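Starting off with a structure, shown below.
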Amino acid sequence: MTIRIFITGGTFDKEYNELNGQLYFKDTHMQDLLSLGRNRVPVVIKTLMLIDSLDMTPKDREQIVQECRECEEDKIVITHGTDTMTETARGLAENIKNKTIVLTGAMIPIKFGSSDGLFNIGSSLAFVQSLQVGIYVAMNGRCFNWDNVRKNKQTGIFEEVR
Amino acid sequence: MTIRIFITGGTFDKEYNELNGQLYFKDTHMQDLLSLGRNRVPVVIKTLMLIDSLDMTPKDREQIVQECRECEEDKIVITHGTDTMTETARGLAENIKNKTIVLTGAMIPIKFGSSDGLFNIGSSLAFVQSLQVGIYVAMNGRCFNWDNVRKNKQTGIFEEVR
Amino acid sequence: MTIRIFITGGTFDKEYNELNGQLYFKDTHMQDLLSLGRNRVPVVIKTLMLIDSLDMTPKDREQIVQECRECEEDKIVITHGTDTMTETARGLAENIKNKTIVLTGAMIPIKFGSSDGLFNIGSSLAFVQSLQVGIYVAMNGRCFNWDNVRKNKQTGIFEEVR
Amino acid sequence: MTIRIFITGGTFDKEYNELNGQLYFKDTHMQDLLSLGRNRVPVVIKTLMLIDSLDMTPKDREQIVQECRECEEDKIVITHGTDTMTETARGLAENIKNKTIVLTGAMIPIKFGSSDGLFNIGSSLAFVQSLQVGIYVAMNGRCFNWDNVRKNKQTGIFEEVR
């Protein structure tokens, strides 16, 4: 069983630009994280985009849905900025009924020493293997159904809606 | 739902002794890892022992079984040295039939910069939440039933027996 | 011999704000760095300000000069943003003739896993101990006299003027 | 001005062997450290040996002396295990009178997240550039003349003899 990993950007993959002091995207660090975790689950990684999720357009979300629908794997992990992760999850839920898809991200870029990214990718790969068909958001050890999760803007923490 | 975490030692918690250059145990680093992962799943941590799993005695394994049986949680993660992890898993399987227990560890001490520990604890907390009752070994993204796993001594990798 | 360390901010001490994704200042990490380096040189640390050096005003520079003049130590290390480090060095050189002062900084925040900060503070503490009276800029292993150094805006590298 | 760096091993370059849980030598990490520090001082690195300094023989020390004498650079940094660093320093002092040589090391392997190695190499490169001809031991921010330093076996700290 191979797991598909789609990269869309978000805090997860942000880096520090030494020349201007800004955060930016260069490449995904997914392969580095999987090597660090000595991952032994077969995965195929594809970078769809590298953007801040606040900049994600309806067209970007269409592309994500289409890639998830057309790939041959039926277990998918998507890295995504946290600000609009639940919105993309809703779009996936409306369109894809036969796959297990877990969206995840990070509160701190994984290039920082203190990132939660390795923890989150570890738990996402586990959830996607063991959960039944559906669309989920996995952050900080927890896994939420797509229709019962929001990011609390004050605390930055993902929580149930009801 | 609270998850019980039992600490037994293993590579996971080894540290470097500056005075004599040996690896040794001082404390568990589980709380540090959970903070790094910004874990939001309720857990209760208890250190049962801090030993190399090659030094684990039948009496130690009895203690682990007893603690798992007697704790009120029915979802349990155990950190354990990799060399005899499957042996402890067997002892648990023979004695405990009504809980989900995931044994995990690390190939590299988590105090090292390049440890797989954060990845493994992330996936173990996910597996223990989503798998049905049983005894499992979770290492490097994969999860094995207790009766179908061995550590390959040549490669250091956990694999199916059959 | 005690060395005075003055903190003014700069890339050195920037952190990532999880809630809004911006870099900001919270505290200096100097004590953490010195502990990591197991520093055994007596130091006294004082935070004068925590600002980006592009935001540094003439009044801020006056304060730095005054603090350097009035402190009892005659060996001083100053952490400083790299963009206007040489400007502050000039102000110090015009006003202080009897102390050894080394300005240093970092290209990458020290809270990032890949910062040059520990290397730079190690070399700055060494230069300040062994160089004669004067004002210096120490970055990335090199040490420049205050009147023969500039930051190359294209490459981000400090280099001689002539 | 180019600085010669000789590698001899010691805690500095030790790594963790995942298969047997022992510390061992594979390669030097000097180039990684210099890259991390964004070092801009011209250096030439040569690995003479990769051994624990307790295993260093008179013949090994002869080789170190000979390499220091014969290399064309007159500023040299040597990485060395801490246990017999002062012994090698004495051998160098007896034989080499016209070069600046700084011996350094680490209390914690640099592959560990919490190593003092980057700090020490930063300060050693600074000391070797700014000190006059002589043999020195630089550890944890301090620099000692070869004939006035010992490693305190109880504390692990380098200190003056008198």
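The chains carry the letters A, B, C and D, assigned in the order they are written, with residues numbered from 1 in each.
The definition used in the following text is that a contact is a pair of C-beta atoms (placed from the backbone, for glycine too) under 8 Å apart; a residue touches a chain by one contact, two chains touch by 3 or more.
Keep in mind that what you see is a predicted model, and the values were worked out from it rather than measured.
Enquirer: Among all chains, whose Cα centre is located farthest from the one for chain C?
Expert: Greatest centre separation from chain C goes to chain B.
Enquirer: Indicate the whole-number Å distance between the mean C-alpha point of chain A and the mean C-alpha point of chain C.
Expert: 38
Enquirer: Can you give the whole-Å distance between the Cα centres of chain B and chain C?
Expert: The separation of the two C-alpha centroids amounts to 44 Å.
Enquirer: Measuring from the mean C-alpha position of chain C to the mean C-alpha position of chain D, what distance in angstrom results?
Expert: Roughly 26 Å, centre to centre.
Enquirer: Quick one: which residues in chain A touch 2 or more of the other chains?
Expert: Expected reply: 107, 113-114.
Enquirer: Which two-chain combinations qualify as touching?
Expert: Pairwise, the chains that meet the contact rule are A-B, A-C, B-D, C-D.
Enquirer: Mind pulling up the chain C residues that touch chain A in the complex?
Expert: 11, 14, 16, 18-19, 21, 23, 52, 107-109, 111-114, 156
Enquirer: How about chain D: which of its residues touch chain C in the complex?
Expert: Counting only chain D, the residues touching chain C are 33-34, 36-41, 107, 114-116, 118-127, 129-131, 138-143, 157-158.
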